[in-house]
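Take a look at the structure below.
A, B, C and D are the chain letters, set down in written order, and residue numbers restart from 1 in every chain.
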Amino acid sequence: MSKTVPVLIASIVGCIMIVANFSPFLLPARQIAEDWFTIVATIAMMLGGANLCVHHLKNISDREAGWGFSAVTLISFFITIAVGLLKIGVVPESEQQVKFAWSGPFQQEGSGFWWIYQYLFSPIVSTMFALLAFYVASAAFRAFRAKNLEAILLLITALIVLVGQTRDREITSLFLPPPAEGMPQHVPIADLTEFIRKTFVTAGQRAIMIGIALGVVATSLRILLGLDRSYLGGDE
Amino acid sequence: MTSPLLNKLNALDRRWIFLAMALAVLSPILLQIGSDETPSPPTIKLFDEIERLPEGSRILMAMDFDPTSAAELYPMALSFTRHCCLRHHKLYFVTIWPTGKPMIESTIKAVIGADFGSGDRAYQYGVDYVNLGYLAGDAVAISQISSDIRKARPQDARGTSLDELPMMSGVISVKEMDLIVNASAGFPGGKEWVQYAATPKKIPIAVGCTGVQSTQLFPYYPDQLLGLVTGIRGAIEYETMLAAKYPDPYANRSKRPAFLRGGAQRWAHRLMIGLIVLGNGIHLANRYRRTPHP
Amino acid sequence: MNRETRFWTVMFLGGCLFLAFQSLGTARGVGQQFVVRVDATTGKIIPPATGASDASSAVKTVIYEPASKDDPEAIWSFSRTAGIWIAALLTLCIFSYLYRDNVCYKLAESIIVGVSAGYWIVTNFWEVLVAKVLVKLAPNVARYSFLPDTPVDVKADYLYIVPVVLGCMVFCRLIPKIAWMGRWPLAFVVGTTAGLKLTSFLDADFVRQVRSTILPLVVFSANASDVSTLDWKQSIQNIVIVISVLSCVTYFYFSVEHKGLVGRISRVGIWVLMISFGASFALTVMGRITLLTMRLQFLFDDWLGLVRI
Amino acid sequence: MDFHSRSPGDKNPGAYAARLASAVFSHVFRGSDSSPDWIAGKARPRRAMMKTLTVLFFLLAIPTLSFAEEIPGATKQIAWFDTGKTSFALLTIAICATVIICTELARRGKPFYVRPIAGLLAMEEAVGRATEMGKPILFVPGIEDIREIDTVAGLMVLSSVAKMAAEYDTPLEVPTSRALVMTAAREAVQAAALAAGRPDYYNEDRIHYITDEQFGYVASVCGWMYREKPAACFFLGKFFAESLFLAEAGNAVGAIQIAGTAETTQLPFFVAACDYTLLGEELFAASAYLSGEPAQLGMLKGQDFGKLAAIVLVILGCLLATWDSISPRGKSDDGQNLPRRSQWITDTVLKGG
């Protein structure tokens, strides 16, 4: 029982979604389901928040290594929530809104929540992202070595495209005769890059996409037919 | 038989690579070295389309990026908006990224506020441009506004009812748009706009995307995508075209944020090529000497 | 004190000295931010002298907008200046991970985990729970509390109770007796996902991709005098695309042993995939460098003021 | 020969949707009798399933009937089948039916060959190595919510990995970026621990939510990797820019890394930095493969028929397109250009939804 009902729920809503794709009559069901998902996920997020608190409180109470950092996490978590939910520093923006103290947009520039986003959230997140520039270099240095034919292809295309990406590509046209009056200079490596992009990259992506589509069909059917229910757990 | 240099290179700490990369990017910034670009066809296509559309055409500007990807997409968003304003199109700003709201605001401030906010044909809020703000629900939001904008978002970002805005009269859904211009940093983004709005409703769409996304979007060009502006290179290309067509004031360095990032690109790419060559040099030397790889 | 510690101590002290010199000795200072006061309802700038005394209407609706130092109405902003300093120091903390895991990185890591979890909860609270659920279930409450612009004629839509109940069922897991009910929302979400994705992937990723691979292997193009000639470039391009797609699809075959002809074709498929990966990797480099450029521009322009961009 | 006659299905469009539904539902009620108990649950009475089938039938029938009542004198008519999508509906049914038939054949004992997939064979080895070294295993089910099918596929693999880890009693850390994924991951690991006969293995604290924010999550996971030095890392699900970050962090601590994603943009990074990578479709095949159930393996065969269809359509279409290119069809009697021959495939068979 504990698993039959969920599997049935999954099958029914899944089939309705499929049929709705072909039926203008049921089409709203698709939109409603999508809308509902957002709400369910948002409420579930509260569970995530609770889990985060429990996890870190446990670290603190057990005095585990680095419990101080858990305290920092909890403090920043609660400050962010308090500032955001209480709309600290938010002012109403229009004449009509002035009568309602809580009516300003929560992300208003100059508010507490905006400050947290602008000066704590955004710099850390974008710096994390920027670290990828370093990792791209170290991964290329390590992985692009001519060990076998596949690796050679990988590395040669990477080299060609790297040269073709910036204006340094024009170096390859130095050995060509100058172009006719008014015509743009022919840049072989730019053409080669473009050719690789248009043919191999497109083709590789396409083949993977075709495969993925079939994989998704099979995975969806596994769920709809109740063949795989690992996500629903075991029977207690 | 081993050589001390090869041993050292074999055991090269990756932190040296990090240092080299930092220097390659930092030096052009400190020395203010920029780089121009020759426009490519997918970029030219978008530029020509915005030129071709009659004045006052409705353009949906979907700004789906966040501060982390603003490096590539913000200069693009600026150029697109500037170009549309120069052609005096009607702009409908929207985002399906919650973090995209401040991006729309700063784009409006930097372009309309600075260059088009005054004069005899000044851009007016609600008449020439509107900020529809953030639509929650990822791809769902796209399919919602492509069937009914008011259902997805009854008010604009300032909380004004859409019916009170003159430029929203006659606009029911995305169908009424003449062009969708999307600055997309990932999911949800360009792919979803193509799948859920542009292709089913048959509206031309052009996407400005990050370099990473370009390979994913390339299969859609030119059938489902009108134009594709990729990464910082696309932004530099667009700036170059804008500067060529409207040299005053867009040939000015201060109006060309992407141009200044081009120099760092060149040097970093040179470093990457050097590293790959060095890596293979080490590999071949190892094989030649038949020493085991550490 | 070992060599490493000594090196970093010297670096740290040098950095501090430089910051002190830069903030005291230069006109621009380090990370100094200025704002103007703006009346939110009218959008007009309030001059700093009258702003404080004009308490009648402006107090509630003053917002601040960034301004340059030279602006006559500009006032120095403590919160934004402090913000720039904190942002810059956190940026350096994250960069320190490249050297190795350390206290600074751990501090930044703990801050970002707490702040971002809180950020998304708050965002979803306002954007989904208030803007969607509350407006749908109790439009009047929404109008009188947070969203005064909610139209008066909106009727409550009680269908939205279902997702709220489903969402709350997630919490059932915490109570062992009814833990099984916690699976219902999962089943709902997974079921809808399966149904929605089945058709959308078949359409966008299967049908459309197969369709765009259908290309003429020989292309003729009409030239100026309307005589059609063979377009070599386009023909080769099409042939390469078609062969590549077919061989890659063959590579993904699960139920045929990759031997003989199939083996050879799928080998070509791997080559095509490798070429496409190499190209995709290199195409990405540009984006990553840009991000780094922007961070460094932040440090050296917005914070230290060493370059003008 | 006229390639452009409308397909006969147009006359009775509703039948397709109904046929699809009945095919799917008849399968549901038959259930997966051959699957082991830990997946299928204890023996499920068929009568109960018959009842649910009836319920299902009515659920589908009600909208149809209510529509039928509306027809007399109705002012607005909402068609309940979009005839423009007929060919796509047929295609969907054909593909689904092939997959289902292959499943059914496999269940009845028809043996299917499945080629080895290196990344999947290495999973057991990776878990074994972690056990030998006495270090934990990291499993990242992507950073997207469970509404992405990639995440669901990742979770399905998680249950297999968790079963192996439970058998070896090696700690398995599953940090998640979404609360719903955490809930599902807990269910999966708990079930796997039960199936491995070690219910005590399941430790809720190891499967925890970090934050929804992509890089906040990555900062935390990478910090954890640096400190705990896992011996095996699994990255299976939907990944974006953080793919390289995770893979490089894993590489720096010397872990065996097995990655898989259907996000084509991230595959190059995984290929460059991980030991084994499941490319696109292989991720979806992984759970079927690892489960070892004949019914699920049969599905892989069904997928292959889909690929075969794609190959045949491409070859046929290209030949027709080439024919068009070499000798165009010219004009019809009323001076209109005749449609290209390949249009039959591109616009009729592959019309799309």
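Rule of thumb we're sticking to: a contact is a pair of C-beta atoms (placed from the backbone, for glycine too) under 8 Å apart; a residue touches a chain by one contact, two chains touch by 3 or more.
Not measured: the values here are computed from a predicted model.
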item	value
Mutual neighbours - chains that touch chain A and chain D alike	B, C
Distance-to-centre winner among chains (Cα means, whole assembly as reference)	A
Comparison of B-D and A-C (more C-beta pairs in contact)	A-C
Gap in Å, rounded to a whole number, between the CA centres of chain C and chain A	8
Chain B and chain D: spacing of chain centres that average the CA atoms, whole Å	31
Whole-Å gap between the CA centroids of chain B and chain C	13
Chain C-chain D separation of Cα centroids, rounded to whole Å	26
Per-residue overlap in chain C, given as positions that touch at least 2 other chains	94, 97-98, 106, 108-109, 112-113, 115-117, 119-120, 123-124, 128, 132, 147-149, 170, 183, 185-186, 189-190, 192-194, 197-202, 204, 206, 208-210, 212-213, 245, 249, 252, 273, 276-281, 283-286, 289, 291-292, 294
Chain D: positions in contact with at least two other chains	88, 92, 95-96, 146-147, 149, 152, 179-180, 183-184, 186-187, 210-213, 215-216, 219, 241, 264-265, 267, 269, 271-272, 279-281, 285, 300, 303, 306-307, 310, 353
Where chain A touches two or more other chains, by residue	3, 7, 11-12, 15-16, 18, 21, 34-35, 37-38, 40-41, 44-49, 52, 93-94, 97, 103, 107, 109, 117, 121-122, 124-126, 128-129, 131-134, 136, 138, 140, 142, 144, 154-155, 158-159, 162, 165, 197-198, 201-202, 205-206, 208-212, 214, 216-217, 219-221, 223-224, 231-233
Complex contacts: residues of chain B adjacent to chain D	14, 68, 186-187, 212-213, 215-216
Chain C-facing residues of chain D, complex	88, 91-92, 95-96, 112-115, 117, 146-149, 152, 179-180, 183-184, 186-187, 210-213, 215-216, 219-220, 222-223, 226-227, 264-265, 267-269, 271-272, 279-282, 285, 300-301, 303-304, 306-307, 310-311, 313-315, 317-318, 321-322, 324-326, 342, 345-346, 350-353
Complex interface listing, chain C residues touching chain D	94, 97, 100-101, 105-106, 108-109, 112-113, 115-117, 119-120, 170, 173, 182-183, 185-186, 189-190, 192-194, 197-199, 201-203, 206-208, 210-211, 213-220, 242, 245-246, 249-250, 252-258, 273, 277-278, 280-281, 284
Residue ranges of chain D touching chain A (in the complex, touch as defined)	16-17, 20-21, 24-25, 27-28, 31-32, 35, 38-42, 44, 48, 52, 56, 59-60, 63, 67, 78-82, 85, 88-89, 92, 95-96, 99-100, 103, 145-147, 149, 152-153, 155-156, 158-159, 178-180, 182-184, 186-188, 190-192, 194-195, 205, 208-216, 218-219, 241, 244-245, 247-248, 251, 262, 264, 267, 269, 271-273, 279-281, 283-285, 287-288, 291, 293, 295-296, 299-300, 302-303, 306-307, 310, 353
Residues of chain A touching chain D in the complex	3-4, 7-8, 11-12, 15-16, 18-19, 21-26, 37, 40-41, 44-49, 51-52, 55, 58, 121, 124-125, 128-129, 131-132, 135-136, 138-140, 142-144, 154, 205, 208-212, 214-235
